[in-house]
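Heads up, the next two complexes both have subunit A, just with different partners, subunit B and then subunit C.
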Partner chain A sequence: MNAVLQYAVQGLAAGSFYALAALGLAIIFGVLGVVNFAHGAFYMLGAVAAAVLLDLLDLSLWWSLLVVPVLMFGFGVLVERLLVQWLIRLDPLYNFLLTFGLTLVLVELVKQQYGVSGLPYRLPGPLRGRVDLAGVVLPRYQLFVLLFSVGICALVWLLMTRTRIGMIVRASTEKPELARALGINVGRWVTPVFGFGVALAGLAGVLAAPFRAITAEMGNNFAIILFAVVVIGGLGSIVGAVIAGFMVGLVEAFGQAYAPTFAQILIFVLMVLIILVRPAGLFGRKEATA
Partner chain B sequence: MLEVTGLKAWYGQAQALHGVDIRVGVGEVVALAGRNGAGKTTLVRCVMGLHRQVDGAVRFLGRDVTHTPAHQRARAGMGWVQDDRGIYSSLSVEENLLLPPKVSDRAWTLERVYEAFPVLAERRRASGTTLSGGEQQMLAIARALRTGARLLLMDEPSEGLAPVIVARIGAIIREIKATGAGVLLIEQNVKFAATVADRHYLISQGRIVNAIDNSEFGSREGELLKHLGI
Partner chain C sequence: MYGKRMWAGGLVLTNVLLLGACGEGGPGASGGDFSGDKLVLAVLNDQSGIYKDASGPNSVKAVKMAVADYKKKYGDKAVVDKIEVTSTDHQNKPDIANTKASELYERGGADVILDVPTSSAALAVANQAKNHKKLFLDVSAATTALTGAQCNKYTFQWAYNTYMLANGTGTTVTENGGKNWNIIYPDYEFGQNMTKSFTEAIKKAGGTVQGTIPTPFPNENFATFLTKAGSTNPDVIGTMHAGGDLINLVKQFNESGLKAKGIELAVGLMLINDIHSLGVEQFAGTMFTDAWYWNMDTEARTWADRFKAETGTRPSFEHAGNYSAATQYLEAVQAAGTDKAEEVIAKLEGKKLNDVFLRNGEIRAKDHSVVHDAYLVRVKKASEVKEEWDYEEIVATIPAAKAFPPAEASGCSM
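Let's look at the complex of A and B:
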C-alpha cells in the first residue's frame, strides 16, 4: 500500500511536467493551428536556464519559478515574430519542419555551451528530504511539484473560463473565422498565446530541473511522450491535455516500478487503445479542424 | 449603406462571382435568392471580408472596405449571422452574446436581449450548442444585435426551422428594419422573403439575373420560382 502511494505521487509529479507542457502545446495548437515540435526543447531550455541562474546568480528555485517563465515568454514571442508567423498561412507541415529544425539548433547550441553531462541542481532547504504523512513517507519535492502544478493548471483554467481573454482564446480555437466575422482581432492574440505556451513549457522544465538529469537531450524523449499525451487528451483540448498528462505520468511510474522493460511502451499502448476507441482523443472534438 | 459594384470572386482558378452589383439602403431589407452553388454564400462572405480572392468594390457607409479585414468590417458595423448559425459549443449562451465587441450605441444590452428572447435568459449558463435549432438561430441574431450592427448579413436564417419559428424570425427582421438597420438576407424560401424584404435579387451562376421590387413580387413570383426550379 505504502509503495503504491509512493509510486502514485511519483507518477503524478512526473505527470505534472507533461500536464503543464501539454497545456501550452494545446493552447498554441488551438489558436495558431501550429503543432509546436520545439516544445521539448523549450522545456529543456527552462531546466537549463534554472541551472544556469542558480550557478551564475545564485538564484534559487523559488526565483527561477518566476523568472524563467518570464524569460521563456519573451523567447517565445521572439520565435513567433521572427519565424513562426511567416509560415502560419501555409500548410501546417511547414511549421512542423520549422519547429523540428529549431529543436535541433537549440539542442546543439546548449550542447556546445554546457556539454553533454548533466548540470547539477541544488534544491532549496525546505524542499529537501522526505515527509511522513500518516505512515506514508514521500519526497517533499515531489509533493511540492504536484501541488504547484495543480495550482498552475487551476489558474490557467480560471484564466480560460472566467476572463474575456479566455473567452476569446476558446472562440478562436473553436471557429477562428467566425471569431473574426464577429469583430475579434484573432491575429492580435497569436503572439502572446505562443509566448504563454512556451512559458508553460519552460515552467515545466524548471520544475523538472531538480528531478531529472539536466542535459541538452532531456527534451527529446520528453517531446515524444508529450505528443502521446496530446493525442490521448485530444489535440487542442485544454482539459484533455492536463488529465492525459497526469495519466501518462502514472502509467510511466507504475510501469517503471512493476515492468521496467515495458514502461515506455505502455504509454504508447495506452495511446493506441484510446485512439481505437476514441479517434479524436479523450476530450477531442469529433470534427478535427486543422 | 452597402454598395457592391463589379464584384468578382475566385476559388483558386474557378470564378464564383462574375461582376455582381447590389445595394442595400438604410433601413432596407434586401433578399438574395438563387439555387445552391449560384454564389449566394460567396457573395455575403465577400461582403463580410471572409473571402479575400476578389476584384471589384465593396463600399460600406461610404467607405471602401474591399481590402479591409473581417474584424474591422464587424467593428465598422456589419453584423454576421452565419448559415450554420455559428454558435460556439465551448462558450455558454451568455458568453456567445458577450463575445463580439459593442460597435455602436445602437447596441442592445443583455437585459434587452433577454427580454426579447426569454429562452436565452433561461439557458444563459448552458453551452451554446445545447439549444435547439430555432433557439440557436435566435442566439445568432441576438448576438449580432448586441453589437449594435448597422447592417446584418443573414445567411438562410429560416433553414430547417419550424414555421412558427420562421414567423418569429420574420417579426425580428421587421423589428430590425424599424430601427433603421439594413439587412442582406440570403433566402431560398422566397415566400418567406416576400414577407420581410423590400427588394429581391436573383443570383445565378455568379451573376445577378433579376432584381424586383417587393411590390411586384405577386405578379413576378412565377419568374423567381421558375429560376429556382421550384
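Let's look at the complex of A and C:
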C-alpha cells in the first residue's frame, strides 16, 4: 500500500511539471491557432539559460526563475514579430513547419556553442535532501516543483478567468469577429500571448535544470510527451492541459513501477483511447475537431 | 594569331597530361606500392549527435596529430609522402555507416576506417571492411561481437568492450562488498548486452542480481524506476545508461535519498565528458572502469597537454585510442612498405606494444582484440579536484589478461 502511495505521489510530482510545461503550448494554440513545435526548444533554452547564468553571473535558481521567463518573453515576442505573424493567415501547417525548422536551428546553435554532453547545474542548499510525508519519501526539490507548478497553473487560470486581460484574450480566441465588432483590438494581444507561452516553456526549463540533463536535445523527446498532454486535455484548453498533465504523470509513474518497458508507450495508449472516446480531447471545443 | 594560341594551348595541355602520367607511374618517393599514390585514413564517427564530445571532431584532430608525428619521426625515410585524413558523419545510424563505409573504401580511396562509435554501426562497417578487404580499426564501439561471433580478418577492436566494463566494475564492486545488485538498463542492444555481461561478472564474483529493470530509450523521468530499484534494498544499483539518459538518472538518483539508505550507484559506461558536463559533485565516489585516463602518468599527461593545445579540451580515452590506432597503423605501413591490407595486417598481428594509450598492449592475432591494462577508477570529491578535468582517481589497475576475455572464449573464427 505504501509503495502504491509512493508511486502516486511521484506521479503527481511529475504530472505537475508536465502540466506547467504544457500550459504555454495550450495557450499559444488557443489564441493563435499555432501548433508550436518549437516548445521543446524553448524549454531547452530556458534550462540552458539557467545553467549559463549560474556559470557566468552566479545567478541562483531563485533569480533564474524570475529572470529567465522575462528573457524568454522577449525572445518569444521577437519570434512572433519576425516569423510567426507572417504565416498566421495561411494553413496552420506552415507555422507548424516554421516552428519545426526553428527547433532544428536552435538545437544546432546550442550544440555549436555548448557541445552535446550537457551543462552542470547546482541545486541551492535549502532544496536538497528529502521530506518524509507519513512514510512517503519525496526529494525536497520534487515537492518544490509540485507546489511551484500548481501555484503557477492556478495563477494563469485566475489571470485568464478573473481579469480583464484574460477575458479579452478568451473572447479573441473564441469569437474573434464578435470581439472585433465590440471594439477590441484582437491583433494587439496575439504577440504578448505568444511571448507569455514561450516564457512558460522557459520557466519549465529552469525548473528542469536541477533534475534533468541540460543538453541541446533535452526538449526533443520531452516535446512529444507535451503534445500528448495537450491532445489528451483538448487542444487550447488550459484546464484540460493541467488535468491531462497529472494524468500522464500518474500513468508514467505506475507504468514505470509495474510495466517498465511500456512506461512511455502507455502515455500514448491513453492518448489514443481518449481521442477515440472524445475526439476533441477531455476539455476540447468542438471546433478543434473541424 | 588565333591558330598559334590554339597550338600553344594544346602544347600546355599535352605537357600537363604527360606530367600527370609521370606522377601516376613515375618513380616518386612513394613508388607503386600505394593505391592512388597516397595513404587515406578515414575517420567515420558521430560529428553532430550524442557522442560528438566523447569522440567526434576531436578524434579527427587526434588522428591528424598521429600523422604529423609519423612524418616528424620518419622524415625522408617515410615510405609514403602523401597522407590524407578525412572525416565523415555516420549519425550513429547503422544504415548510414554502412553506405558511407562502402563509399569511403570504393571511391574515397580509404585505406583504413577509424573510430566508429555505436555498436550496430560498427558491425555494419566491419562487414564492409570484410567485403572490400580493407582495414577497419574500431575504437569507440563496445560490443564483443566485433571480435567474437562477427569477427573478421580486416577488423580490429582497439580500446575496450562490454566484457572489460562489466568485468572491471561488476567484479570489483561485488568483491568489495556490493553483493546484491539491481540493474537498470536502456532497452536496446547496448543496454541488453551490458546487462548480460554484468550479470555474468557479478555472479562469478559471488554476488546476486535481484532484478533487472528495462527503461525506454531515450528517457527523462527515472523517479519511479529508481524507487522500484531501491525497494528491494540492494547494496548496489547498476545503471547501463549512457549520455543524456545517464545524466538524468544520476541527478535523480542523487535526489532520491537512496544513497542515504546505503545504496551505491555503479555506472556501466562512463566517459570523462559525462563527469565534466554534470559536475564532479554529482558523481563523487562513483566507481567505473576506464580504458585510459589523461592524467594517469607522465606520458599520458604530456600527450594530453599537446591535445589540449590543439583542441582546448582534455582527451577522453576514445581520443587517445584513435591517436594510438592511427599511430600503430602508420608504423605497420612503414614496416610493410605498402598500404596493401594483407601485408599491413601481417605487421599488426601479434604485435606487443606500449604507447600513449596502450599499456602492456597486444594485438591478438586470433580475434584481433587489442588487449591492454584497464583501470578501475573512482570519481574524486569536489575538494580533491586540483585543476580542470582532474576528476578520476585510479583505484586499481586491471592487467590486460584479466581485463579482456581469453581469446579462446571469444568465439571468433576468421
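The working rule: the second predicted complex is superposed on the first by the 288 of 290 C-alpha atoms of A that agree within 3 Å, B and C clash if a C-alpha of one lies under 4 Å from a C-alpha of the other, contacts with A are read in each partner's own complex, and residues count from 1 in each chain.
In this section, contacts are C-beta pairs under 8 Å (C-beta built on N, C-alpha and C of every residue); 3 or more make two chains touch, one makes a residue touch a chain.
Quick caveat: nothing in here was measured; it's all calculated off a predicted structure.
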Check: What is the contact status of A:115 with respect to subunit B (first) and subunit C (second): first, second, both, or neither?
Finding: second
Next item on the list: Name the contact category of A:181: first (subunit B only), second (subunit C only), both, or neither.
Entry: first
Notebook entry, point to check: Who does A:168 touch here: subunit B (first), subunit C (second), both, or neither?
Noted result: first
Check: When the two structures are overlaid on chain A, which partner does A:212 contact: first (subunit B), second (subunit C), both, or neither?
Finding: second
Item checked: Of all residues in subunit C, those that touch subunit A in their complex -> 48-54, 187, 213-216, 218-225, 227-228, 231, 243-248, 251-252, 255-257, 260, 273-274, 276-279, 281-282
Note to self: Using the touch definition from the top, list the residues of subunit A that touch subunit B in their complex.
What the structure shows: 164, 167-168, 170-171, 173-175, 177-186
Margin query: Under the stated contact criterion, what part of subunit A meets subunit C in this complex?
Written below: 3, 6-7, 10-11, 13-14, 108, 111, 115-123, 128-130, 137, 139, 141-142, 210-213, 215, 217-218, 221-222, 252-254, 256-257, 260-261, 263-265
Notebook entry, point to check: What residues on subunit B touch subunit A, complex-wise?
Noted result: 48-50, 69-71, 74-75, 80, 82, 86, 88-91, 95, 98-101, 103, 143, 147
